[in-house]
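Both complexes below contain chain A, partnered by chain B and then by chain C.
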Partner chain A sequence: MSGAPSGVLLDVRDLKTSFVMRRGAVRAVDGVSLSVERGETLGIVGESGCGKSVTALSVMRLVAEPCRVEGEILYGGADLLKLSMTEMRKIRGNKIAMIFQEPMTSLNPVLTVGTQISEVLRLHEGLGRREAMERTVGMLASVHIPMPDKRAREYPHQMSGGMRQRVMIAMALCCRPDVLICDEPTTALDVTIQAQIISLIEELKSLTGSAVIMITHDLGVISEISDRIAVMYAGRIVEEGTKMELLTDPLHPYTVGLLNAVPRIDRDLAELRVIPGMVPNPALMPEGCGFRPRCGHADRVCLRMPELLPPDGRRGQHRVRCWKRRAEPSGDGSA
Partner chain B sequence: MASYILKRLSQTFIVLLGISLVTFILMNVVPGDPVLLMLEKRATPEAVERIRREMGLDKPKTTQYLNFVAGAARLDLGRSYFTKEPVMTALSRRFGVTLRLASSAYAIAMVVGISLGVASALQRGRVFDSLIRGGAVLGISAPVFWVAIILQMVFGLRLGLFPISGIRSPNSFVLPAIALGLRYVASISRVTRTSMLEVIGQDYIRTARAKGLAERVVILKHALKNALIPIITLAGTELGNLLAGSMLTEWVFSIPGIGKLMVDSILMRDLPMLQGTVLYVAVVFVVSNLVVDISYAFIDPRIRYARGD
Partner chain C sequence: MPVPTDGNMPDQMHDMSTGESASGGFFVDSVVRMSGNKLVILSLLVLALLIVSAIFAPWLAPYDPTEQVLADSLQGPGRKHLLGTDEMGRDILSRIIYGARISLSVGFVSQLIACSIGVLLGSLAGYYGGLADTVVSRAIEIFAAFPELLFAIGIMFVLGPGVINVFIALGLLSWTQYARLVRGQVMQLREMEYTQACIVCGGSNARIIVRHLLPNCMSTIIVLVTLGIPGAILTEASLSYIGLGVQPPTASWGQMISTAQQYISFYPYYSITPGVAIIITVLAFNIFGDGLRDALDPRLRD
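Right, the complex of A and B next:
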């Protein structure tokens, strides 16, 4: 089912998603291009409202109506945006699966977790009731749920948040998808549970060879799990590169600001720098670079939208969307 | 679960006792002497006195009430003043008729109401939705006797499709069931629509879609089962309303059910019969509430487990 032999599984090109409102369309995602290879983990990081979840939902074609999704989402030689709903359903939950942010509300309260997982197997793999339930119990065991055969007969409200997220992971991975999209899978969980869930995703990824798209606002999670990182701001990717490139040599003032805003145990809290201002309202987007109103380096050139390009005189996969190309590495990048 | 049902049943008993007392008091303060109504105007005072004694009406009120309760405990509600038929026999004979009428109306209300409500929710904001919602307002507002008469005129007299009174054939129940069920179709479709819209916005519906399930499965399996909880609350109380509140419909269509029996016994001051029918209404409401509470537990596992079963 995988597309190009080069290993690129999912290739999103110039994705634009707008919500159609009474007063006109509001663009939540504005020209995002990204791709993942087999076995690779791509981290997408950004503040709330930057369009990262909408990007993920657009790939699944699950954005709530009324909306408009443009661009290309290439998977297995086809453009997902051009598939019929019937064809798209054969891919959802089977070839491309998704884990959501809220484990407490993402499972159906009136169906047992066993039913909810085995339903996927019966749908996509055509298994019978008993066979599907056996596989389900196996899946629950593989996400380290104790007494899986008993747990399979329980309802979501009988489980903790961490346990429910494990169920969601089992559900997403039971058909061994090519691509697993995780939308803030640990945000609603305790820190200790977060670490368990992250290592579980890592573990299962190495077993299934799935590509993972990890969406989060948590740089700690991203730096732990990602091979490559894309930083999103105001509906666009502003910087992209390998984990090393991005964390050791951030170029975009926003990325620099994000890294400075991470609390570190070896530093005084007084050194913690916040990025002033707020994410712009998608309906009132500033002219040119979206980060301009919050950026200490902005001048007249920033009134035009910069392209996402390799920075001057550099090799590698690093790309940045900034006229200034290189901000001061640390310094007063966010002043 | 069993202990819960037992607890509810004992509460039921107390409620019924209270209702019987209230009925008894009301019957005794209402003006009008049943003995005088029974006998002709020229009956001698001696005859009146004799009948009064025969019926136990000469005893103190407390004794009368206690006798009634003692009888009721043995399922003996006394005899009709006029037909001399035991009240229990009359009730059970007529209950069959009311049950047939109410259950036909109920089936119409549930099937049509839930289908229209789901369809309306899925078509939210479109013409179909507006039509259903407008129709529901009409259905709730229209008085049942008016609907009944319109149905009689159109389908009975003009088109001659269905009988307009009596219960000689199964066809006789069609118009009364529609007349009785219409307002419940309306209220159930409204609640279903609201409940479905709320459920469809939930995260787990998005999860169901993300699994690749067909929209039909998402709606019927994942959404409707959750949406049923408020629908059952309404449907349960309305089952009580239907079984106890078919008086007008039965009257207009001359159906010999309990509703008509109740109206007749009010008009004739047939005290034992009236007490029996009021008690019947009370039992119907209490039992249907109990059934609602128990059926919640079957639909919503969170309630089932909270009760420690």
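Right, the complex of A and C next:
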């Protein structure tokens, strides 16, 4: 599914984001490396507080002060972390765009949606008012908003949540960005609208050839749209691989737990399966593997932090951060 | 999930809000809501009348407001002079009409000055926080610590009397209210998701403040202006009353009351008429401002 390896658009290397608190720094993202290729969709899954949103915000350089972002974010031959704010502004919305979780509050209530989209076009492409408005109406049509010329003159409060998320997508994609980061774009929407938004993102991605980074806690969404999946836990990537590798053959106990926790309507279970325990407080990280306190397989070796490596004796893109590489032998014998 | 992605989604796939919505823009909505309040409409009519009479004073006033006919001095209301004459034999009605020019222009211009200073400093303080906020907040506190009238008297004393100086004094007096409110609101709006969405789209700080945050503060600012104007009119009247404001022979309501004071025991009309003019104007502005605040309050929107 993924393109040539040379087509890497965005390459995040060893990203570390920490928030400086009164009692020292708290590391929210700890050594995350990711890359996306043109036309590829990378899914990032994880539960609340695992650092997936902070990763996205760090890429956009949107993490609020006081914070420290280390590592490299390579895009177009430059390290985004070293750019000036003026240079960064030319990239935001133009080359790398982002969609947020809350479509209800992500639009300015006192400006028409047309004004808000055409503002982006005028800013980045230097279009005149009329040209920008024409392109805006075209954009609204391409996100399947009926009567786009009329809708462009309306205010956000006159639209439903799904409609506003379409507007946000139109706004994010109007300059044909190389990379689109979606931070839980469907979480606030109901299921039928979710499906529409997902397929819309897919459709527009194939049109523009953008790379998409889809951040969500929803495995259904991820399995629908991603080519590759990275699972994050406690600020680190614990497992990474293609969609098939990860969904059919999860290696990390956390991934296994996540997949088991998905409620299945076709199985009659007495109760929902959960992963016991809570996400550790980033200020009080357990020693060694972050998942150790919740993991059924943990022993003394887990007191040291495992590396993100391919599992023993296998090739492919699959990599996992676990000493137990393969905690449960599954039928065909363990490595 | 099987969702058609061929670009022609059937209509029922779209969200349900496609139907005609009755509401127009924010301000259109507010005007519609305000028109239901009779008292506000009445105050609006009074204000319109005042503004028209101020603009067209030379045509509306029956006499030249500075023309002295000493033989006719201190006459009560009558057919020749509808509201009587003053101690110099000048027509009081004409002086009231010309006085509206002074009062209204003082109200509008001083609030324009105050609003420009206050909105600029307030939005900078609220948006950037830190040092900018500290400096502006301390300045607000210092300015607000002076008793209002004493402060105005002090400035007028330094600048000397005259209409232009009244504008400046009152502008310097009331910018703090604008700065305080805009600062608070910008601080709150800065944290809204659409501010972040705008940053994500590559907007600069100036663009975010001017294009996104200030339009959201607009209703607050409009209400402050309408409620600030009557305050400025009253302060101008006070300044003119004590002789530091508008200088004779230019007609000003406060100054008329000041002169009329000597004759109040045997000729009360003279002081009552400019007093009533001030009361009506201030009341109309206050009622209108209150109505506007209710109309623009998003919490009351349906």
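We take it that the second predicted complex is superposed on the first by the 321 of 335 C-alpha atoms of A that agree within 3 Å, B and C clash if a C-alpha of one lies under 4 Å from a C-alpha of the other, contacts with A are read in each partner's own complex, and residues count from 1 in each chain.
The rule is short, and it goes like this: a contact is a pair of C-beta atoms (placed from the backbone, for glycine too) under 8 Å apart; a residue touches a chain by one contact, two chains touch by 3 or more.
Since the structure is predicted, the reported quantities are computational estimates derived from the model, not experimental observations.
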Fit-or-clash call for chain B and chain C when the two complexes are aligned on chain A: clash
First (chain B), second (chain C), both or neither touched by A:Gly93: both
Dominant toucher of chain A (residue count), chain B or chain C: C
Touching partner for A:Met163 - first (chain B), second (chain C), both, neither: second
Which superposed partner A:Met171 touches (first chain B, second chain C, both, neither): both
First, second, both or neither for A:Glu224, with chain B first and chain C second: second
Partner chain in contact with A:Ala195 - chain B first, chain C second, else both or neither: second
First, second, both or neither for A:Thr105, with chain B first and chain C second: both
First, second, both or neither for A:Leu62, with chain B first and chain C second: both
Contacts of A:Leu123 with chain B and chain C, given as first, second, both or neither: both
Set intersection of chain A contacts, chain C complex versus chain B complex: 60, 62, 89-94, 97-98, 100, 102, 105-112, 119-120, 123-124, 155, 157-158, 168, 171
Contact footprint of chain B on chain A as seen in their complex: 60, 62, 85, 89-94, 97-98, 100, 102, 105-112, 119-120, 123-124, 155, 157-158, 168, 171
For the chain B and chain A complex, residues of the former touching the latter: 202-204, 206-215, 221-222, 225-226, 299-302, 305
Complex interface listing, chain A residues touching chain C: 60, 62, 89-94, 97-98, 100, 102, 105-112, 119-120, 123-124, 144-147, 154-155, 157-163, 168, 171-172, 193, 195-196, 198-200, 202-203, 224
Touching residues on chain C, where the partner in the complex is chain A: 1, 3-5, 7, 9, 11, 13-18, 21, 23, 25-26, 192-194, 196-204, 207, 211-212, 215-216, 218
